[in-house]
Amino acid sequence: MASEGDRRAGPEVAARSSKVLGLGAGGPRGVAIAVASTVVFFALLVVAVTHAPGWPEVHRAFFSWAQFRTTLPEISRAFLLNVKIFCIAEALILVVALLLAVIRSLPGPVFFPLRALAIAYADFFRGVPTILVIVLLGFGAPGLGLKSVPTSTTFWGIVALVLVYTAYVSEVYRAGIESVHPSQEAAARSLGLTRWQATRYVVLPQAVRRVIPPLLNDFIGLQKDTALVSTLGAIEALNQAQIDVNASFNFTPYLAAALLFVAITIPLARFTDWLVLRDRRKRQAGGVR
Amino acid sequence: MSALLLEGLRKSFGRNQVLRGVDLEVEEHEVVCLIGASGSGKSTLLRCVNLIEPIDAGRIVVGGEEVTRRGIDVNRVRRRIGIVFQAFNLFPHMSVLRNVTLAPQAVLGRSRAEAEARARELLGRFGLADKTSDYPDRLSGGQQQRVAIVRALAMDPELMLLDEVTSALDPELVAEVLELIRELAAGGMTMVIATHEMAFARDIADRVCFLDGGVILEQGPPDAIFTAPREPRTQQFLERIVAAGRM
Amino acid sequence: MPTTLELMLRALVVLVALVLAPAALAANCPTVSKGTLTVGTDNPAYPPWFGGNPPPGSPWKVSDPRSGEGYESAVAYAVASQLGFKSTQVVWKYVPFNKAFAPGPKPFDFDVNQISYTPARAKVVSFSNSYYDVNQAVVVLKGTKIASVRNVKGLRSFKLGAQLGTTSYLYIKDTIKPSHQPAVYPQNAAAIQALKNKQIDGLVVDLPTAFYITSAQVQNAKVLGQFPTTPGGEHFGMVFAKGNPLVGCVNRALARLKANGQLAGIRQQWLAKATGAPVLK
C-alpha cells in the first residue's frame, strides 16, 4: 500500500531519472517539449544529409547493410581482445596508480627521491601520446633480443596502456586524497593510529569513494585506447575492421567497430552519472545538523 | 606522580608566540578547566599535550613518562591520551560502531568481538545504543559529539583532553554532551577541558585555569576564580563573559 | 606500281598516324587536370616498385616515383607515353591507401600501389587490366625453425604476419589456415620490425617485395618460397574512379605495351631478381 513516503518518492524519482537522462527538471510538459524538439532536430539533420549530392555514394560506402551484416560477427570476435586487454589493464592500473598516489603524498625529506620519481613519471606519461608509447614498447622492447623479454603484442599493449593510464589515474587518486580534510587524519592519529593505519582505514576509503566518477571517465578512455594496440599487429576490433575495409573497399566495417565500442561505453557512462548523483545526495545529507 | 605535568611550554606559529611558558600540574582524577579568550592558546595547549603540535621549548610528562624527549613513540603516547575536538571529526564512511571499534582493534589489538562489546557498553551507557549501525551523517550534532567522546574513551585512556567540545553545537544539544562529561568526571576520569561554558566549568571543575598572553595567569578552585579573581585581566575577561550573557 | 612519291606519301601517312595515334587517344581520354596525367601512390614508395633516390626536401621517402625507376613507376610513364603525355606532363600525388577507394571525386587519374584486383573491390572502383601477375611469397629469418619448412602444411603451426590492405592476409586466412591468429600491420616498417623481433615467424608478401625485403631491409632473412599461382591468378591493376572512361584508354595502352614487348622489358629490368624462389605446395 502506498504510504506518504512513497507518494513523495514518486516525483522525486522522476526528477532524478530526468537528471540522469539529461532532461532537466520540468515535469511531463518539459519531457514532451524535449522529445519533440529532438525529433524535429534529427529530422532536419537527416533531410539535409540525404539530400546532399554525394549522399548515395557515401551511403553505399559507409552505411552498407550487407557489409555491416557480414563483417559484424568477425569484428565482434576480434572485439573480445579489446575487452581482454581492457580488463587486465584496468585491474592493474587501479592498484598501481593508488600506490603511486600514496608515494606522492609521503611526507618528509627522506622520501624526496621517491616523490620526485613519482612526479617525473606522471609528467612524462601524461605528456607522451599513448600511441607512441605503445609502438615504442611494442616494437622496441622485443627488439632488444633479450631472452627473458616477452614478445607478445598483447603483453606490451597492456604494459604500455598501464604505464600511460597509471599516470592519469594516480593524479585522480591524489586529488581525492587531498580532498579529504586533514582533520580526518588528525582525528585518526590522535586515537593512536599510525600514519599508515590512518591512511589505510580513514583517508584512502574516503578518497577513493570521492573519485569514483573521474576514475570511471579514465576507464572509458582506456576502453577506446585498446584500439591502438592494432598498430602492433594484433587483430582486435579496429584492425579487423581495417582488414575488412581494405578487402572490400567499403568503410562500413568501421561503423560496426564504432558501434561495438559505444555499446560498451554508454552503459558505463550512465552508470557514472548515476554514481555522481548518488554521491552528491549522500554528501549533502551529511554534515552538521 | 601527577597525571600530567607541563613545564615551561613554549609554542610559536611563525612569528606569533601562542604559548609563552605554560606550567601546569594535573593530579589523577582531577578535572581542570581551561578558560580564556579566543586565541589565548587553549586549543594549542591541548594539541601540544597530545603531540599533534611539536613544542618549541619545555617538557610534557604524562603519568611519569616524559613524552617530549627524543625518540619517543608518538603513537604509543597517543594511546594513553584521549582527545576530542570541537569539530567532532567522526569518520563518515564508517558506522558509529565501527568508528568506536577501529582504534581499539587496530591499535590495541583487541578482537572484534571484544572491541564491539566494549563499544556497545559505552554507547549504551551514554544513550546511544540505538545508533550503533547508523552513519554519522544521520546523527544530530550532539549525538555525533557524544560518539566522538565515546570513541576516545574506548581506548581506555589515562587522561582525556576536551577542546571546546560544545562550541559547535546548537544550544539545545549542548546539555546532553555536558551531561556525559559530568558522568565521566564523577567516574574519576582525569580531564583537562577547554571551554567557554562557564557555568559548567564552575560546576564540574576541581580547578580552573585562566589562560592569557600565552601563560596561565591565574588558577584556583572555581569559586575563587569566578567570584574573586585576583588578576585584573581575569576580572576583565569574566566581566566580558557576564556582559555577553554567558554566565 | 606505286611511284616513289606514293611510297613516300604512304610512309608519311604511317609516320603521322604513329605520331598522332597517341594524340588521338588523348582526345577521348579525359583526365582530372587537362594536359596532365595525375598518378597516385603511397608514401614511402618501396622498391622494386619504385626506385631512385628522392632529392633532399622531397616529400617522397625511400624511393622517388618521379624517377621513372622501379617497375610501377616505369609502367606508369610507359602508359602515359602511350596516352600522349610527355614525362614532364606526369604528376605524382601522395594517396594513402584508404583514399584510393574513399567515396567522392578522386584527386588522381589512377592509383598504382600494388593493389590486387578482387571482384568485391571492383564493385567500388574500376580496375585496369593486369600490369603484373603476382605470386605471394613468405619471408623468414635464416636459421629459425620455420626456415626448414618445405610445404604449406608445415607453415600452419607458425605465427605469420601480413601488411594491412594487401591480399596477403586473405591468403594466410583462406589458403594457409594457420593455427595461430596471424598479425596484420598497418605499415611495411612495422611488419618488418616484427619479423626482426621474432614476434612473427614468417611475413607473407608479394614475391617482388619479398626479394626487396631480403636484399635490402632485413639482413639475415631469406625468401622461404613462393606460393603457387591461384586459379584465375592474382594480379595488380591500376585503380580508377568507378566508371572512369580513362580505364579503356589505359587498357588499350597496356595491350600495346604487352604486344610490343615493352612491358616484358620493364619486368626484365626491375623484377628479374624476383624469380627463382621454390614453390611451396
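Residue numbering begins at 1 within each chain, and the chains themselves are lettered A, B and C in the order written.
Here is the rule we use: contacts are C-beta pairs under 8 Å (C-beta built on N, C-alpha and C of every residue); 3 or more make two chains touch, one makes a residue touch a chain.
Everything quoted here is computed from the prediction, not taken from an experiment.
Dropping chain C from the picture leaves the other chains, by touching, in one piece.
Among the chains in view, A has its Cα centre nearest the centre of the complete protein Cα set. Look at where the CA atoms of chain A average out and do the same for chain B: the two points lie 47 Å apart. With centres taken as mean Cα positions, chain C sits 43 Å from chain A. Distance between chain B and chain C, defined via averaged C-alpha coordinates, is recorded as 88 Å.
Note for the complex: chain A touches chain C at residues 54, 57-58, 60-62, 135, 139, 142-143, 145, 151-153, 230-235, 239, 242-243, 245-251. Only residues 97-98, 101-104, 118, 120-121, 123-125, 161, 164-167, 169-170, 181-186, 190-191, 193-194, 196-200 of chain C touch chain A when the two sit together in their complex.
Across the complex, chain B meets chain A through its residues 50, 52, 75-76, 78-79, 83, 85, 87, 89-93, 102-103, 106-107, 135-137, 139-141, 144, 151-152, 155, 168.
Interface residues of chain A facing chain B in the complex, by the touch rule stated above, are 183-184, 186-194, 197, 201-202, 205-206, 209, 282, 285-289.
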